[in-house]
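Below is one structure, written out as structure tokens; the observations come after it.
Chain IDs A, B, C and D follow the sequence of writing; residue 1 opens each chain.
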Amino acid sequence: MRALLAAAGVVVDHPGSPRVLDGLDLTLIAGRRLALLGANGAGKSTLLRCLSGALRPSSGAVLVDGEPLRHDRRGLARHRQTVQLVLQDPDDQIVASEVRHDVAYGPTNLGLDAAEVATRVDHALDALGIADLARRPVHHLSFGQRKRVALAGAVAMAPRVLLLDEPTAGLDPAGTVALLETIEVLEARGVTVALSTHDLDLAWRWADEVAVLVGGRAVVGDPGVLLADDDLLRQAALASPWQARVLRAAGAAIPTPRPRDAEDVVAALGIRESAIG
Amino acid sequence: MRALLAAAGVVVDHPGSPRVLDGLDLTLIAGRRLALLGANGAGKSTLLRCLSGALRPSSGAVLVDGEPLRHDRRGLARHRQTVQLVLQDPDDQIVASEVRHDVAYGPTNLGLDAAEVATRVDHALDALGIADLARRPVHHLSFGQRKRVALAGAVAMAPRVLLLDEPTAGLDPAGTVALLETIEVLEARGVTVALSTHDLDLAWRWADEVAVLVGGRAVVGDPGVLLADDDLLRQAALASPWQARVLRAAGAAIPTPRPRDAEDVVAALGIRESAIG
Amino acid sequence: MHIAEGFLPPLHAAAWTAAAVPFVAHGVREIKRTTATHPESKLLLGAVGAYSFVLSAIKLPSVTGSSSHPTGTGEGAILFRPPVMAALGSVVLLFQALLLAHGGLTTLGANIMSMAVAGPWAGYGVYRLLRFAPWSVAIFCAVAVADLATYVMTSTQLALAFPDPQGGFLASWERFLGLFALTQIPLAIVEGLVGVLLMNALRSW
Amino acid sequence: MAGLSLDDTAWTNRWRHRSVAEKSVLSLGLLLVAVTARTPVTGLLVVVVATAVACLGARIPVGTWVRVLLAPASFVLLGVVGIAVTLTPSSTAGSSAAEVWWTGGPFAVTAVSAAQAGETAVRAIAGASAVMLLACTTPMPYLLGALSRVPGFATLAEIGGVVYRMLFGLLHAQARVRESQAARLGFRTPSVARRSIGLLAATTLVRAWTGARRLEEGLAGRAPAGVPFGAPATDALRWAFVVPAAVVVLATGVVGWFA
């Protein structure tokens, strides 16, 4: 249980409006999947921007390996080789007009030599399964393809932590499946992944741990517990995922490990085919 | 069963790429909810733009009350008062900087007098539940609020058909619920609503009829049938909704009417609390 | 550099406003002609105006460490031709005066003359003159010259308004030019380099 | 979305819905007084009147108003240095030493140049406060709406409306792109930063362009291409406001000019 990245008492104020984050604590453990949940405007993106170093909290600290992040040139430069954030809209992140040039942007800025940059780009494109797009102009790509290019650009920075803001928003079911496979590839390479999402079903199936944002703070815990906690979800303006709803409707408790797909749910209900009339 | 709006053999070609729509037939019946399903790039938005008159098909026709739409100034002007399309990104559709002024844009250009325009605007804002935003500048609003403004702009045209392109994309669960309530209000006023979506769960719960886009054509039918048809869904790069998956896993048939929420599913499984160990 | 509200004596302000009118009117006529045949170009022109405003909010990393903003006049003139820039530029300058408190209404005419007329025409002229030179060289020179021309114009306006009690207009002009040259020559070079990168990037989109 | 504080004030103050003409009488009248003033007293009087009207009439918070004025004021003070500092008068010119306040090499500050600088500073700050009165109380679309009713300005005003509509989205997008460039160390060295700025400027232009194209398609379903986008209407002009406003302006002028 190694605390890789943490927020400690993070406060974000915008003058004249209510506090977005109000003393938020959160810890990312190496190798553990964290899903960040919350309604629109609950502060998910703000938190991710704080963790990535893009936004400096009004007070509180971001810790990397237990050390507070210093928001000076050196501190941020080091932080960005540890943590990379992938935004919801890939167009906010793609700066070059050709795929491989965009993916090479970060490594080039690191001052790596051309051969090393090329290797990083190839590895990143491979991990995302888009090696065939390398020489394509970005504006000819579909939304899903552009999302992968943005992700490749972050992966090419070789971070230890990848933060994904609403990575499945706008993707079709096949795109979501492909994204989850990509995350597994990255995890196998030692990257720790955290994501924010509206999709409670995704959080239930994917996460080891969920953080529900309510009133500027995070309630952190096991998905099987928190996502069945109606009081918490009502406060957060969320709803429980279908797995929890079905078990509840049948009056069944949520077993451990929690049932993730339809087969598991049916098994948890203790139904055999013969039992049905 | 009145055919309100239809696509007859609609073909859309972009030179140099495969046909987006390839002889597509589809009929919207007055008062029936249609959900348009398909993977990214399957042609959902293209079809909606054809139906709204914004895009002229390479061949085939769009029929309104059985009459083919003529793409001249007069024909389009009439069509706009029958069919309105709301795009996925509200910023592609909002032209004025103040909410009430934007909603008034369409009615004003219909040549209505100022009093009639004001009435239309008030009604539309009411239907969307955003009367309190009337005098707010658009750039102060959240994404969900801007979505409602775009929708109000379409509603103010008093169309008989509303086409919604991915209306729940980017909305949180509460936003989705509010949208569905709004749709009911509009239906009660006699508007026929069709929407495109990636969200199979939404299609299963909401639609009277689904159209699955595969290979540039539409397979149209009952949600309970089509969304449990694995062959079709595989071809369309979609997956069945959880309700169908749970029933399948339990070896149960899908009853008519299909079970929409967790309680219905549990009832369809024939479980009583006592049955669980 | 925008001349602030009220900075110029009233007669100067009025004279520069009068001088700007024909240029802006020319631009407006050009725009009206375009929008009459292509109504959708209103949106495109609006987008370009918004872009110019936003561009002037980009902080340019300068050689000296202090930051400054690109004028964008050269790039605009190459892309959209000077008359259109005169009209669009005056809209953008009005926006800057009222949304950023940058520039002013009485000095709008003077600022239009330097930023929406002198800069674009000088840059466009250089670009046309160098059309047989390598493309990047032409862009660099056009953007840098546009930038410098803007500042020469501003210096002239200030020197005319505030002649040196001893040396008169010329002494004052030299002084204002010298004052700006310190910061503006390096900045013009930076903007020229960025301009080449921008136009190259645009060509590849 | 990204905001501009002046713009936010314009949308939220108590005078937002007042007729643009009403507020123009006051603001532009004071501006006229400010720039034609012959003594600094007039200028100071304009600042006081504009401040009183903004804070007491339009109920703009004093802190906001001071911040609004601070930007142009600091700009002006920096600018007048170039006027105050002049060439050292040669002894043959016959200036007495008393008129030279400070010398440094070829440069000097003389009584004449300092007076000119002071006069300019007061005029500029007074002018700025008069214009900010309009800028703080009137959202840009309302101003453009008024402008569109002036013959010859309709097209420019309409394009201005589109500029305004697209401005905030573009500012937001640009801030986001810059942030993600920084995340990939795009501003590590000056040469890297220059390249990043070039790319940023290019992507922003592409965004503006595609935004315009998409808006064109989106609006096609709402009205025929080319119809005017229209302008928001403000309240009708009220003489109950215009007359006192004119009186305040005239009084400021009269007191300033003849006092």
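The rule is short, and it goes like this: a residue touches a chain if its C-beta (ideal position, glycine included) is under 8 Å from a C-beta of that chain, and two chains touch if they have at least 3 such contacts.
Values in this document were obtained by computation on a predicted structure and should not be read as measured data.
These two copies of the sequence, chain A and chain B, are related by a rotation of 180 degrees on CA atoms, to the nearest 5. Averaged Cα coordinates give chain C a centre that lies 17 Å from the centre of chain D.
Centre-to-centre separation between chain A and chain D, using Cα means, comes to 42 Å. Averaged C-alpha coordinates give centres for chain A and chain B that are 29 Å from one another. Contact with two or more other chains is made by no residue of chain B. The set of chain D residues touching two or more other chains comprises 140, 161-162, 164-165, 167, 199-200, 202-203, 206, 211, 215, 219, 229. For chain C, residues that reach two or more other chains under the stated contact definition are 201, 205.
Chain contact topology: the protein chains form a pattern that is neither a line, a ring, a star nor a complete graph.
Interchain contacts (touch definition given at top) occur between A-B, A-C, A-D, B-D, C-D.
On the chain D side of its complex with chain A, the touching residues are 173, 176-177, 179-186, 188-189, 192, 196, 199-200, 202-203, 206-207.
For chain A in complex with chain D, the touching residues are 49, 52-54, 76-77, 80, 84-85, 87, 89, 91-97, 105-106, 108-111, 139, 153-154, 157. Of all residues in chain B, those touching chain A in their complex are 38-41, 142-144, 169-175, 198, 200-201, 237-239, 242-243, 245-246, 248-252, 261-263, 265-266, 269-271, 273, 275-277. Only residues 96-98, 137, 139 of chain A touch chain C when the two sit together in their complex. Residues 4, 6-7, 28, 31, 34-36, 68-69, 71-72, 75-76, 79, 82-83, 85-87, 89-90, 93, 110, 112-113, 116, 120, 123-128, 131-132, 134-135, 140, 143, 152, 155-156, 158-167, 170-171, 174, 178, 187, 190, 193-195, 197-206, 208-209, 211-213, 215-216, 219, 225-226, 229 of chain D touch chain C in their complex.
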